[in-house]
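In the two assemblies presented below, chain A is common to both, partnered first by chain B and then by chain C.
Right, the complex of A and B next:
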């Protein structure tokens, strides 16, 4: 990176550190923090959408739809999220390939599950075996996003389901008395009012989501945990210009500090958002704000 | 091989008893059920020991955070912040590598690098922080009237805490604490995926479920089995904590007793 980095052995400590922390692999490590932020940016709205659908399904009057919604919400509660992550990554992959197999190779006569193998025709492989490396990485990342969205969607569905029930019944009745249809009541009365009840749960969920991002490592994505293990391990002079002992502890300490800072900042932002949303609401906190202003 | 033989061979495989070799080909559902169930022993061990020991520290931390003295309050606040603000997964990794470094300097730390002690310590501290925050919140909402009544009856110091403040705090915190217990048991599934080695393939339920999913390349059998076990465990926790909840609330009039809900809040 720097011009003086050509011969690391002659450098003093500070310069050595500066060179060491700007090697190509370290830059990839810093880029992995971007992967985490990208995952959060994509997953949070997707999970919210899944949650909204789940909550609406659970409230449905059709028992089948309502049953599906409730099972979706309930299942995630009983089982560790990491189990879902490990499950969905393979299951989704196989489901996609199976679907493509049915469409693309209808005249395939062998069974797909042969003992311990999952065999689909070459055209149904995802991504195609001829695809470049970045396609494989993007596909892996997308699988991770969908997995996160499914799991956290169930959590969000639970929060939104509770929030919809927390909206005062009188509000709905008033809407009905004014002659609004069920659809109008839902979109104009229920949905705008539920957010203030949902926000404490959703901000909690955001915190949990942040703290679940290192699980990306288990899904085979080259994320910060992967790089921290890789870079921190003992390096001997044969293989690198920057030999050092086992520094993995310090790399994980850095990750710990990163997450602490991240959750702290989120906490502050979310509490401000809560103040905003409470404004003018018929709740205890909203009333307190009104009195303070008057 | 009949299913009974499989159970006899593998029921305590996770603890190192019975058949040494894991099945490699021709996996049966019975084998998967037995081995994953055998792994559950580890989850129960981690969860139960961390919960019981964490309970004590959590009470201390909650009292510390509620204390007026900064020397007690600040460390408690920081403890809760550090363990609640960072992912358990990273805590496991950090602790494992920290113990590994310590071990190379002092042989005393040798057992700390194995899961049964090292991971247990992390889980213990982690649950103490989460429960500490729950207890702290409950401590702040102990009704003023109860404490004034205690004063009027001549309670003070330790006796007042033991007889009035602490039981009320527990009573108020219990539903949230139940939720935390469920999450703690779920969190135990992370142990063998975060640095801590499963020596001689003695792992927890998820370790074996993952083993079967990798070997058969069919996730649709082992993970539902795992889910079955964990749902059973979750129901058992809710049942057990419900009994304690009944006891904690037994002095209240029938109608106002808070009931344990089968659908508690799910987010930690």
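Right, the complex of A and C next:
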């Protein structure tokens, strides 16, 4: 990075540190913070959408739809995350490739499952093995988003399901008395009011999601914890220009500061959101707001 | 306009199929120096990377390296996410049941115990090893209490902080660490020969690719270039062909 970095052994401490902290590997580490933030920014709304669909399905009067919703919520919540991330992702990837294989290589004569091997034609590979590395990384990232969304969506579905039932019955009855259809009642009365009941549960989920990102490396996405572990590990002079002992503590300390800071920012944003959502609601807090303003 | 886009897409698709076999994705762990590790600039480096690139050059293949966690390195291979494993993986009967190996490119390895105490009891004490390795299997059979870790780094740290009495790993992985520890760590007990050497792992259905790499490794053994690489990365003590 800097011109004076060519021979780190001769440098004083400050210069050595400046060089050390700007190696290509460290730059990748800093970039991983962006990856994690991007993942959260994409996953949170996706998971919320999954959760909303799950909750709506579970409430359905059609027993089949309701059954699907309930099974989704119960099943995904019951499976340990790490098992889900190890096996489900491979299964999901294979399912995509199997579908592409059926479409693109109809005259393929070999079996897809050969012993423990999963073999599809080259054109069905996702991404193609000729694709540049960044496409493989984007694909891995998308698989991560989908997997996170399914897992956290199940929890969110359970929270939203409860929140929908928490909206006072009187509100729904009033809507019906005004002659609103079931659809109108749902979108105009139920959905706007349920968020205030859902937010405490959803904020918990958000906090757990922030800290679940180390699971990313199981999917081949290099996240901050992966880099911290690798950078902090003992480095012998043979393999690096910057040998050092076990510095994992310092790297994890930096991560601790990051996570705590991020949690604090989340808390501030969530409490503001709560104030907004409470506004005009038929809850104790909403009533208190009305009185304070009056 | 739509038609043009369609034609371009069709061309792109057929072009993709035509060259699809020429890019070989090489899976590695990236955390096991000198076999494979991430260097200062953030790229994969090490004995296996240099060897793999040379093998690909000889076989006239385009190769691309990918890193994957050790725990899921075989499932991702058989699922087709990459085509080979070069990750210091010893050839064992158990692994042979699931994947195929080329001939070894590193002679049968010796594993060794390292401890902070010169008189550590490696058959009765607590010994750390990386999970799902031949070393872990050996410790489990030796009568010592085994504690497993996901990465090699953690197995060493366990000895340093006293959680384990000794660590059991490949001699060549431990050697630079012991050398750099300034006397804190020492080899204890006898070295143990384990496994059938380190080979490149491939899917069982990829017989053709296996033959290609087998031939390339054979040619490197014959002209002595493999020995040069071994000495370069592991020092003069290493077993050669």
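A few points about this structure:
The definition used in the following text is that the second predicted complex is superposed on the first by the 291 of 294 C-alpha atoms of A that agree within 3 Å, B and C clash if a C-alpha of one lies under 4 Å from a C-alpha of the other, contacts with A are read in each partner's own complex, and residues count from 1 in each chain.
By our rule, a contact is a pair of C-beta atoms (placed from the backbone, for glycine too) under 8 Å apart; a residue touches a chain by one contact, two chains touch by 3 or more.
Computed from a predicted structure; not experimentally measured.
Look at chain A after the overlay: chain B and chain C clash there.
Look at A:28: by the touch rule set out above, it reaches chain C but stays clear of chain B. When both complexes are overlaid on chain A, the residue A:246 reaches chain B and chain C alike.
In the superposed pair of complexes, A:218 makes contact with chain B and with chain C alike. Of the two partner chains placed by superposition, chain B and chain C are both touched by A:118.
Applying the stated contact rule after C-alpha superposition, one finds that A:86 touches each of chain B and chain C.
In the superposed model, A:128 makes contact with chain C only, not with chain B. Contacts of A:236 after superposition: chain C is touched, whereas chain B is not reached. With both structures placed on the common chain, the touch criterion links A:256 to chain B but leaves chain C unconnected. Steric collision with chain C, judged by C-alpha atoms after aligning on chain A, is confined to one stretch of chain B among 60-68, 96-104, 168-176 or 204-212, namely 96-104. Put simply, chain A uses residues 86, 90, 94, 116-118, 217-218, 229, 246, 248 to touch chain B in one complex and chain C in the other. Those residues of chain B lying in contact with chain A across their complex are 25, 81-82, 84-91, 93-94, 97-98, 100-101, 104, 182, 186-187, 189-190, 193, 206, 209-210, 213, 215-220, 223, 226-227, 230-231, 234-235, 263, 265-268.
Contacts from chain C toward chain A in the complex involve residues 13, 16-17, 19-25, 30-31, 33-34, 37-43, 45-46, 64, 66-69, 71-72, 75-76, 78-81, 83, 98-99, 151, 153, 156-157, 160, 176-177, 179-180, 203-205. Considering their complex, residues 74-83, 86-87, 90-91, 94, 113, 116-118, 155, 158-159, 201, 204-205, 208, 210-215, 217-218, 225, 228-229, 232, 246, 248-249, 252-253, 255-256, 259-260, 263-264 of chain A touch chain B.
Of all residues in chain A, those touching chain C in their complex are 23-25, 27-28, 86, 90, 93-94, 97, 114-120, 122-123, 125, 128-130, 133, 136, 217-218, 220, 222, 229-230, 233-234, 236-243, 246, 248.
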